[in-house]
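Working notes for the structure below.
A, B, C and D label the chains in the order they appear, each numbered from 1.
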Amino acid sequence: MEEGEVRTRVRYAETDQMGVVYHSNYLLYFEMGRTEYMRARGCAYSDLEKQGIYLAVIEVACRYRAVARYDDAIIIRTRVDKTTRATVTFHYRVLKEEGGTLLAEGTTTLACVKKDGKPRALPREVADALTT
Amino acid sequence: MEEGEVRTRVRYAETDQMGVVYHSNYLLYFEMGRTEYMRARGCAYSDLEKQGIYLAVIEVACRYRAVARYDDAIIIRTRVDKTTRATVTFHYRVLKEEGGTLLAEGTTTLACVKKDGKPRALPREVADALTT
Amino acid sequence: MEEGEVRTRVRYAETDQMGVVYHSNYLLYFEMGRTEYMRARGCAYSDLEKQGIYLAVIEVACRYRAVARYDDAIIIRTRVDKTTRATVTFHYRVLKEEGGTLLAEGTTTLACVKKDGKPRALPREVADALTT
Amino acid sequence: MEEGEVRTRVRYAETDQMGVVYHSNYLLYFEMGRTEYMRARGCAYSDLEKQGIYLAVIEVACRYRAVARYDDAIIIRTRVDKTTRATVTFHYRVLKEEGGTLLAEGTTTLACVKKDGKPRALPREVADALTT
């Protein structure tokens, strides 16, 4: 199970008056990581939704290790930690491109749901694709 | 046609590294103003959507006059400038509560659309409620 | 040690295409809760920063229990779980006003730092105010 | 004076319950366009701030032409429309990569200010770099 990687730059809008990235924005970086990880494994999340398969975040955790600033080039590394019958847990590390400093690491657990929010099983082919 | 008024406080997340509110957040304050203006006139936007009436922003303009900082108490004053067969233009002023300094003023024009995004007429009773 | 309480309404901007509040926005609700909790105890965070005392988020965790939608009136209940020499951990519950449904609960741990980001002790009077 | 170009993908967080990008997020795309335009001309905005030269947004305008959805690949094209003694006006077009549909176009005017927010002249070398 290989890690996925995506790069971006810190937007000015993502900073706060401490001069660093506001902490909630790391969850958006996680989302970018998850999106590219899934696309790279042939199950793009936008395609899943078209098939009526939704993944809803039910739990997040994040530890902040160092600060990122406006225009910093950052890397998000994503892997899947665990799948259950109806959930998948992703793990993320956000690094500064220059020097490779670890900025933050965390996890999100997503539950598989139908369009109406009701739980459903994670399709076997999705679970397989995500953990290969 | 009376102005509507709503109050809020600047969130830390809304500031940027210049130490002031990032400019795009004023559009969220405008949205708060619009939401309360409509509710006060008996046509809450959340009810309109339940009836299949959507208002999509097609144009915005904003001039920034003074800066707001974290935790500043602010007031959003909203009025309707104009309605056409299928659009409504709101005008907003955002003021600092202390001293009444004008922070920003602007307009948004919204087009009435169906759930699928196709244009439709603004219902007469909505236009009437908004301009009374 | 009493809980603090603050109320707000879900903004349209805070929803996503699933029709519910996007998960990272709960961290902004937590921030609102923390801000009002501190103000109510006489140590407004904006005043602390003026004295060179900064609180930087070093860890967050959140579990999502039910969905919130546009215009829902919500309540954020905040308490302090723990303080150490240089950190404070807040606990939050976000509830739907109508019916009191628990939407999310979580914690954030903040480290006391100087303007340059270097660690410093949490002043005794701040720790006392927060835990009374 | 050549246009600058930068590409990104719509984040899930940027959509709203209409299933499309929430309108204020286009101002963040504009900011991305501005950042890359300036970097490409040798006056990266992050470097300007280090020299005490700040550009504060004083006016924005945007027209929305078509909707963008989650995961759409988009292109932001940026040019400078005008400079005055103390301001610079950027013009932006946001396009869908697939098919080149125009999604939105707009302008932002930024005033050159000192760290304390007081106006100052736009340095000649910056004005020259931006308009070449």
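Keep in mind that, in the parts below, a contact is a pair of C-beta atoms (placed from the backbone, for glycine too) under 8 Å apart; a residue touches a chain by one contact, two chains touch by 3 or more.
This one's a predicted model, so the numbers in the text were calculated from it and none came from an experiment.
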{"item": "Between B-C and A-C, the pair joined by more C-beta contacts", "value": "A-C"}
{"item": "Farthest chain relative to chain C (centres taken as mean CA coordinates)", "value": "D"}
{"item": "Whole-Å gap between the CA centroids of chain A and chain B", "value": "32"}
{"item": "Centroid distance [mean C-alpha coordinates] between chain C and chain A, Å", "value": "23"}
{"item": "Separation of chain B from chain C, taking each centre as the mean of its C-alpha atoms, in whole Å", "value": "26"}
{"item": "Chain A, residues touching no fewer than two other chains", "value": "12-13, 18, 20, 24, 27-28, 69-70"}
{"item": "Touching residues on chain B, where the partner in the complex is chain C", "value": "8-9, 11-13, 27-28, 31-32, 35, 44-46, 69-71"}
{"item": "Interface residues, chain D side, partner chain C - complex", "value": "12-13, 15-20, 22, 24, 69-70"}
{"item": "Chain A-facing residues of chain C, complex", "value": "18, 20, 23-25, 27-28, 54, 56-64, 67, 108, 117"}
